[in-house]
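Once you scroll down, you'll see the structures, which are given as structure tokens.
Each of the next two complexes has chain A plus one more chain, namely chain B in the first and chain C in the second.
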Partner chain A sequence: MEKNILEIKNITKNYGDLRALDDFGFSINRGEIIGLLGPNGAGKTSLISILSGTLKDFSGSVSFLGEDLFKNRKLKNNMGIVPQDMAFYDDLNAIDNLMFWGGLYDISKKKLKERAIDLLKIVQLNDRAKEPIKNFSGGMKRRLNIAIGLIHEPELILLDEPTVGIDVQAKVSILEIIKDLGKNGISVIFTTHQLSEVEEICSRIIIMDKGKKLVEGTLKELIDIVGEKEIVEIKGEFSIKSMNDLKKNIEFAEVIAIKENYISLSFKNTDKIPDMMEMFFKNKIKVSDLKIKSPNLETVFLKFTGRSIRD
Partner chain B sequence: MKRIIHIALIDLKIMVSDKIFFFWTLIFPLIFIFIFGNIYKDDNVKAKAELVIVNKDVGKFGKYFEKKIESPDILIKSLKKEPVDYNRLLILPKDFSEKIKSRKPQQLLFKKNSNANVKAATQIEIKIIQGITKTITELLINSKSDDFFDNKIDFKDIINIKTINLNENSIKMPSGFDHVIPGILVQFIMMMVLVYGGIVVMMDRQMGRLTRILFSSTSIPELWAGKFLGRLLMGLLQAFILVFIGILFFNLNLGNNILAFLIILFFSMAIASLSILFGSVFRKEDLIVGMSVMSANIFAALGGCWWPIEFVPQTFKTIGMISPAYWAMDGFHKIIFFNKSLSDITLNIIVLLIYTLIFTILSIKFFKIKE
Partner chain C sequence: MKRIILILKNDIKRRLKSPLSILILLIIPVMMTGIIGTVFSPSENKMPKIRVLITDNDKELGAKVFIEAFKSPQVDMFQLELVEENKGRELISNNRGSALIIIPSGFSKNLLKKNKTNLLLIKNPSEQFMPNIVEEFSKTLSILLSGAIQVFEIDETLINSIKGTNMDYKSLITMLPMLKKNKTNAEKFKKLMTYLNPPLLEIKKEITGKKTNNTGINIFSYILPGISIMFLLFIIEIFIRDILSEREDGKLQRMMFAPLRACEYITARILSGWIMGILTYLIIVLIGKLIFNIDWGNYFFLFILIIITCFWIASFFALLNAFFKNRNQAGAFVAPIIMIFSAFGGSIIQTNQLPEAVRWVSALTLNHWFIIGANKIRSNIFPTTPILILLISGIILYIIASKALNKRIII
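Coming up: the complex of A and B.
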């Protein structure tokens, strides 16, 4: 088994009465891509801020490359962080930006320039290297944002929603870049709202909510938790209360999540679906839509958080 | 230190790469220099004072006396007859030499046109008096000689008379381009550093660039120092441009260049800190521009950038002391117009350092990484 390059233990962070992170911890191996999934307010940004050193006053420990991250400032030279903000200089060109951000690390100018040129090829911006960033599309800016995080050749990179607000083509391109990072031995922590992205590129997934780690594992491990059951999603006209009352009588399926006008259940045997519909009919519950799906990450997410990731 | 310089240089680069940078740092100040420079131009240009001499003397002393009045600052026109039109006229009578030889008192007629320049007339009167004094002194030295022009030639021109104005300040009013260029320089250091420097700090914070810099091993004190140095360099660059143009096209004389640099340096330091404070406190670009332009203009007016502070009533001058521009301009005037030394501008430097300290404390207190 590969050695952990980052190990987070028992991190707790409070904002007044609000607990942003609650005894949170995980570790990451070299070349591993971890997807950090959680709805808004789950604590993902707080975690990244703690790892970046911009958020203080928390308890717990972070070991990076075998050392305490916060006792040796130079360790940050081995960590790349790509924030959700397009945090670079719009009036300057891509090369100048890479030279500036790379210049904050102890790298010679010559090496930095070579690295900048290589990175622009990787993120497919080499033909726009000398153009002001303000002329770039959203997808191009996102790719540059990643390139900046990689300029100093980090061993670990944290990507905070790197595909937010861009078109499908740009998204595919960014996911390819991230996959290649893992192949090249760079560890990646990747936060997103897009379950399909996590399913596609992550070797391990952590689902978190309200500052707590709810579950962790590979995609297969997580789906196995739900089991080899069929998932039924029902939409209609009903309240959460009415469905909760009805829930007691549902013996042939496991309720995964209940929301206003929505319920999802897992069935071992889909032959029981007509029985359930009959029960709904008797209780005057109007059903407008019914979908039968195989379990996926969304099902897992719903099971553990009780809500959809977009809520 | 390397990281501090690196952060400073990117801010300077952003300022210089702005398309309208040269308008704000060069063209706009030049318009001000041109306007204010011409308002004060008369006092600055050393025009030659004109003197018409009608020499009726039949002896040699008339010509000799004319030579005694000669000066690079005076244009002498020798005529045989009294002209109708003149600014200043000196008449040497027919018996001028004769009366000198016989040691008899005599009166010289000096006429002035009432519309002519008073300062030039004073300058010529001084030269005439100097000429009379020199001639009399040389006559005394050669008193044993029968013929002044044949003997003891060596003693002639041995006397040099220098007129010293005891109340120098009342005559020497800072004026011309030597006053205007430092004034505009001080005003535009404030304008450029506060506007550009403030906006960049605000944008850095709002776009998450300050946070991103801290993702590296850069510390917050290093980040602040980089921002401070960047704004200091902005101020020095603005000063360099105007001093260069001033020397090249307006014959600018800063007196003592090292002392002038010290004033620019300490003044720019105070404004650099103020700029970070503006960028940290204000959240909108329009607000920073408005506050910067207003502060720069109020400080400039109070501090004597547009008119010599020596010229204004004492109350206004006292109020002006609250402006850092006052201490910079006062320092410039001391070294440019009054030939003062480092010890004379020490107070100015100390006050500018106090401003720097106050603005630095405030800017550190309000310096925010995130909104």
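Coming up: the complex of A and C.
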């Protein structure tokens, strides 16, 4: 059995002068859950469009199950997507939707029906199977969205922000479903703006921005890059320029990110924080808030992209 | 093919579960046809009676004969009312009568003396045909009355002799010769009756061919095709607009993740609009037959015209949707496009009533060719030209639409 279920190599895609993907590539193993992180405009949508076959004129290659994805249409029977939008028919019920979306794949009607019933149990919608979806809550719709993505038993599934806009309880339930997918040998590419979710379920994380892969590794590997240092986040009234000027004089800490009215620093020794504050006061920089915390994925993300994932 | 049928079946299922928008678009043309048709329909049985007002200033036999003629059951088209002159004039000016006839005093006397006399006819200027009917009928009566008096030599002595009797005017007329005891007149009358009854010239009625339910011109058959084609454009556009909505809400991306080809998707979408359009129009045909008793003509020809028309519309909107960025843009453009088609194509006003300078535009619209086709089919003529024009232009639209949509899906 091949180790890499999907291998994306050197993908470059331009829209005129704009480079959406720049020599981008990664691979995913069977049963692995990869978190693909990037701020808006990072190139995630372009990557998804390439995988779906709706984006042409790019360089690079995509190998799925050891074959060129674009040369064998049948390979798509083993790949699924859960789009960010509730991409199903609201006026139909859950069973009708599962039967329709599953029918687009090469799967027998009998098997499809059995699978639909099983999936509705998994996503805890079996008692609402024949109710129009327009009556469903946001969380129920999200769960159905996942069930539709899994109806044809794919070996790889791409989950594009599957927890957006739902309550904590529904989120927990969805994250549990995703964890189970990995345990059952299904590979998952998971994109989200909730870094805590990635920390919780992903075995490997890829951070991308402006079409480039910036860093890749396990959560521990990524945090190690930032180092076992304390992270100090300062908010106040200052410009990016004034902080960049000040940055030259900060020797006792490493600047992770500077934004308008915000600076994040990594301190080897927190004893130096008063020295830094003194420097701020000397330069008449008003500080309104200061937080000390341990490094996490957000720190890593800030370090590599220079901005928050929600920017 | 399996996936095309699947999308098609799914569309039908969805529309059947939420049929409201389509039902509304089906009901509106039927209602509009009903309203317009009822207003302008020349229904034979319900022709309104002509309201005739008469002021009788004479009150003698001549006036009575004249008035009674309007009441005759054989004529049965007048609703008569005897009024004072002032009241009569007021009713005419208030548009509550078609004509006012004023019989002057001494009318009968003058007639019997064989002096010239006048009847005054006041016509309602707000009405077009009805006052003219009253005028023509009055003229005919005047000729008959003048003739009868002169033939029978009826004079005042005779009239005076029967004054005070309760005889109605018909009995009086019948008995006039006997009452006069004038042999010559009695003979003249007999002779006249011999000539008149039985008449030498008689109009015989003959009805040839099979009896149909079509009682003359059915105005609905002229209105419904024009109005319904306008709404068919709206209905098919709703189905085709799925191309935009599915692209916007992620369904298209999800479908393209499956082993579905872009060309299969495009075909399914056009086919869906096409088939749903055919089904919808067949319902309109049925409603037209059941409610308005429309004789559509040859149903096979009509079916061909509907198939080709719906194909044309589906391809046309598929092409437009290849250029629209989103649903909002489509919503903003589609209604004016359909209204232009309908205004110039004869759905709203007849094309021959358009200013001559813009009349050529109608030939560029679907509505024009469909209405011509439907009219020909009603006369059981196969509409070769409209069908060929719609078929060829429809195929061209389909080819361009498929290529343009493919470019929008696969960037």
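Worth a mention:
The criterion applied here is as follows: the second predicted complex is superposed on the first by the 309 of 311 C-alpha atoms of A that agree within 3 Å, B and C clash if a C-alpha of one lies under 4 Å from a C-alpha of the other, contacts with A are read in each partner's own complex, and residues count from 1 in each chain.
Here is the rule we use: a contact is a pair of C-beta atoms (placed from the backbone, for glycine too) under 8 Å apart; a residue touches a chain by one contact, two chains touch by 3 or more.
Small disclaimer: the values here were computed from a predicted structure and weren't measured.
Steric overlap between chain B and chain C is present once the structures are superposed on chain A. Contacts of A:M277 after superposition on the shared chain: neither chain B nor chain C is touched. Within the superposed three-chain model, A:V172 lies out of touch with both chain B and chain C [touch as defined at top]. The wider contact with chain A, measured as residues touched, comes from C rather than the other of chain B and chain C. By the touch criterion stated above, A:K56 is placed in contact with chain C alone, chain B being left untouched.
When the shared chain is aligned, no partner comes close enough to touch A:I250: not chain B, not chain C. In the overlay built on the shared chain, the residue A:L92 is in contact with chain B and with chain C. In the superposition on chain A, the residues of chain A contacted by chain B and by chain C overlap at 52-54, 73-74, 76-77, 79-81, 83, 85-89, 91-92, 96, 100-101, 103-105, 148, 152.
Listed in rising order, the residues of chain A touching chain C in the complex are 48-49, 51-57, 73-74, 76-77, 79-81, 83-89, 91-92, 96, 100-101, 103-106, 132, 148, 152. Within the complex formed with chain A, the residues of chain B that make contact are 3, 6-7, 10, 13-14, 17-18, 207-209, 211-219, 369-370. Remark: chain C residues 2-3, 6, 10, 13-14, 17-18, 249-262, 409-411 touch chain A in the complex. By the touch rule above, chain A contacts chain B in their complex via residues 52-54, 73-74, 76-77, 79-81, 83, 85-89, 91-92, 96, 100-101, 103-105, 148, 152.
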